[in-house]
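Lettered A, B and C in written order, each chain numbered from 1.
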Amino acid sequence: MTVLFGQLFTGVSIGAVLLLIALGLALTFGQMGVINMAHGEFIMAGAYTTYVLQQVITAAGWSLLIALPVAFVVAGAMGVLLETLLIRRLYARPLDTLLVTWGVSLILQQLARDIFGSPNVQTRAPDLLTGNIGLPGGITVANNRLFILALAGGAVVALTVALRFSPLGRRIRAVVQNRDLAAVSGIATARVDRTTFFVGSGLAGIAGVALTLLGPIGPTMGTNLIIDAFLVVVVGGIGQLRGTVIVAFALGVLQATGEYLTTLSVAKVMVFIAIVAFLQWRPQGLFTLRTRSLA
Amino acid sequence: MTTVVRDPVTAADPAPEPPTSPAASPTRHRIRAAAGFAFGAALLFAVAPLVLSDFRLSLLAKYLCVAMVAVGIGLAWGRGGMLTLGQGVFFGLGGYAMAMHLKLADAGPGAMPDFMLLYGQLDELPLWWRPFASPWFALPATVLLPMAVAFVLGSLVFRRRVRGAYFAILSQALAAAMVILLIGQQGTTGGTNGLTDIQGFFGYDLDDPVNQRMVYFVIAGTLLALLAVARHLTQSRYGELLVAVRDSEERVRFLGYDPATVKLVAYVVAAGMAGLAGALFVPAVGIISPALIGIVPSIEFVIGVAIGGRATLLGPVLGAVAVAWARTALSERFPGTWTYLQGLLFVVVVAFLPGGLASLIGLVRRRDDDAARPGRFGRLRPRRREGTA
Amino acid sequence: MTSIRGRRILAGALTLVAVAAMAACGSKTTDGNTAAGVSADISGDTVKVGLLNSLSGTMAISEVTVRDSIMLAIEEINAAGGVLGKKIEPVGEDGASDWPTFAEKAEKLIREDRVAAVFGCWTSASRKAVKPVFEKNKALLFYPVQYEGLEQSPYIFYTGATTNQQIVPGLDYLKAQGATSLYLVGSDYVFPRTANKIIKAYAEANGMKVLGEDYAPLGSTEFGTITNKVKSSGADAVFNTLNGDSNVAFFKEYKSAGLTAASMPVVSVSIAEEEVKSIGTQYLEGQLTAWNYYQTTPGATNEKFVAAYKAKFGADKPTSDPMEAAYVSVHLWKAMVEKAGAFDVEKVRGAADGITFEAPEGLVTVDGATQHIAKTARVGKVGADGLITEVWNSGQPITPDPFLKSYPWAGGLS
């Protein structure tokens, strides 16, 4: 029972990490069809932001809290820069954006190496987040995992509310559903694209801050999770957040269960097979946005 | 997306060709192709062995293997529009099939490869290794195994119309899964080490430079043969159809063709080429390991193709060789700078020169080959996002 | 029309292949023109040595520091007049964390640069990739990292610990502390898998129980499940053979789960001072590591080494076991060459047995039969300052035994 709950919680928290990363991708990939391979490096930027802030503000708790908005802006700004310089030239060639952004990610990794050195850097987590909460029955729940879960939940709620009720959200939804019609209706699609990219990349920055609580902070930290996050978006379906949310948690639990029963390697392969099988059933993902576009 | 449907004939039928098109003057074109092949053969078989030291020649052999993969990618991606980021898997299948046979041959009949005794603690050869003892199984397997995997995956994926970005990500995940699987089975696959220390190649001692040279000749010959196959395919009616599918899959479907089958053929052929490349890589380099088949090498295969010119015949080959050579030459001096350069080259070429370096030559010669210009469909239908379809 | 043309070209190409293959086979005789025995270029007043480390890619983190300490040793030797009157000229190559690249670069160093010896490699996979290259060309490699044993190439000198100089003493220490059950956690590659096989054999012979064994792919940073398993096993100690980035994630998770050095100590064999720095003492304080050298190892030789290293590469740079082993390897090579009176590989190998060197870790002796070196084993505890302090040592150098032939319980391993 203890183990079962522990594994369930582990699965959910793997899902929360995936979700934090995939949310940003769901926005950029969903709206613009852009596969941003440099998304992982925006995560890295968020993590290094935490590190740099901690050099200035030594109190671990405060620096982490301040890092959240700062990382959002830093990663978001990098995203806007990337969008303006390169991606907007490539909207007609989405596959090429994949390759171009991969080149960008190489450059950013090397840049991180030259600025911060190739060894990993360390940040101190606030003491509150290194402990755990004991529940009856010997069950413990790690505080850092709870924090990330809350962060992911908060991001989903904030994003949903913004998309549904704010004027910007309405414009984003309009562009996702039918870009041409939105443009004809007087929406400045280029500006909406840029804003979406800012928010999507900014979310990667926040994911980076969260990851400092879990793993290493180094030049290649973004590459590990990016493929999984893309799979979440692909399986979840494009243009809607609920697919991404459901699939992120489902994959997390599937992986944790598979790993518990067998090994991590086998679990990863199992997840891949499950995804190919799933796409046989719903090739457009879990939820498909019905649009008027034929393409 | 609603666009005005143009005359469907021009989109799929090769008939109306401008008089300057190569196919309009077959004789001249054939002569040029033959001359090109003769020139390439002379370069590879006569000039290179004379000019290069044994060591550099063996490096060239390695580059040519990468070029073989590139020929396949040129077909699947340049012509067929399928961005396959998992060619490493097929390269690896071919390589492992060959290496398994050579390891068994090295060990001698009935014996087990050295690493299995060290790490596997197995009492006998695993069942799935046994057929590879026979060259009559192993050699065809280097090509047929990757083709079979590609066939299964391709027919599942293409029939369900998974394409564009979805396909690219899926093929990438395949590479990741394959690597994890190989590493996890250390006792029988060699794990991260891969299969190393391959001594002989069908009775020839690979340490002997004369035999290394022989391997080089076989590789160079195979590359030329693969080029001939690729040329044959792209010049045929099938080649036209493939380009049509790339440019507008729906339209081809409306015309009564099955785009899934058209794509499947190119994907399977590309997988076979990658498998053959992997198989020949093993005697040339003496090692096959998961490090050669994961996500990063798979993307690097694509880099060469993009830089050379994805939709041309020779572009991928020259691009692959150039990038591999640059990597060796530059990384010797500037390991850090090389990463910047690699990234930058990639960004600049793909973003601003989608036809690759071959399109520079094309500009000079003003050849107007529809299929060789991947940027064109983008211009015709601005802001079309086929990846999200 | 088109297809006929294509077939003709295809036929032409195939003929070419056949002709080429025949031509090649025609010249195929074993006429002694083999690659074997490329001799080092010692014609000038310098002698070249190769440095083969990953300067880019995932392994750069560790291997750059090894390159630094090799350079330090070369500088020291050159300042003292060189080897046999010749200054050492280092030729550096980047292995790029990619095993086939290691093989390619090794070949280049041996055949194009004609170096007298090569220093480097870190992962077992890179060593396995270059091993045939060195054996084929009869050239020398000095390998400076602790490894899984079960290997003995005539053309490799192993200056890091083999299993009986690190893992077995680590287990002895745990046993002496009263541990009766272990949980094994490792990265998924050769070293951890082989090490764990040895640990299991040891445990069986010594009445210890192995309660579980888990592997994470290299670079994996998700340890929730493994930590759950470790925690619920209730083992007395964890034996950790994780490598690189994974350690950071593992120890963060370990602490979050409420596990401490007091409740369930972790013995690590791949965490040196440099890694401690990037994981953080917040997570590591009190945990154990097994090595042959720590920056804090007492002795004037080590003080000099640490001071020289910090003066050259920065006061905040710690020294660690693999760096020390790499530093020692250059000095050992020099001693071998001088004893042999020549750079010739076979003569150097012949002179190797019994060479001693007063190393930062203490006196080391080359064992000619195995080409490993006798080293003192140590277990240390991570302190709040990020340094590791010794809590136990083997008292005297342990004779290397890569195939564990002198341990009855290891009979079935090799």
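Operating definition for what follows: a contact is a pair of C-beta atoms (placed from the backbone, for glycine too) under 8 Å apart; a residue touches a chain by one contact, two chains touch by 3 or more.
Predicted, not measured: the structure shown is a model, and the values here were computed from it.
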| item | value |
| --- | --- |
| Co-neighbours of chain C and chain B - touch as defined | A |
| Chain pair showing more contacts of the two, A-C and A-B | A-B |
| Chain A-chain C separation of Cα centroids, rounded to whole Å | 36 |
| Centre-to-centre distance between chain B and chain A (centres being mean Cα positions), rounded to whole Å | 32 |
| Chain A, residues touching no fewer than two other chains | 113, 263, 265, 268 |
| Contacts with two or more other chains, residues of chain B listed in rising order | 180, 183-184, 336, 339 |
| Residues of chain C engaged with two or more neighbouring chains | 188, 215, 217 |
| Contacting residues of chain B [partner chain A, same complex] | 1-2, 81, 83, 85, 153, 156-157, 160-162, 164-166, 168-170, 172-174, 176-177, 180-181, 183-184, 250, 295, 299, 302-303, 306, 336, 339-340, 342-347, 350-352, 354, 375, 378-379, 381-389 |
| Of all residues in chain C, those that touch chain A in their complex | 58, 60-61, 64, 188, 214-217, 219-222, 224-226, 228-229, 231-232, 245, 248-249, 252-253, 255-258, 274, 277-280, 282-283 |
| Touch list for chain A against partner chain C, complex | 2-3, 6-7, 10, 13-14, 17, 113, 118-125, 130-132, 134, 140, 142-145, 213-218, 220-221, 224-225, 255-256, 259-260, 263-265, 268 |
| Sites on chain A touched by chain B in the complex | 29-30, 32-33, 35, 86, 89-96, 98-100, 102-107, 109-110, 113-114, 179-180, 227, 230-231, 234, 238, 263, 265-266, 268-269, 272-273, 275-276, 279-280, 283, 293-295 |
| Chain B residues within the chain C interface of the complex | 23, 26, 30, 33-34, 37, 41, 45, 53-55, 58-59, 62, 118-119, 121, 180, 183-184, 186, 191-194, 196-199, 204-205, 207-211, 213-214, 217-218, 220-222, 224-225, 227-229, 231-233, 235-237, 285-287, 289, 291-292, 328, 331-332, 335-336, 338-339 |
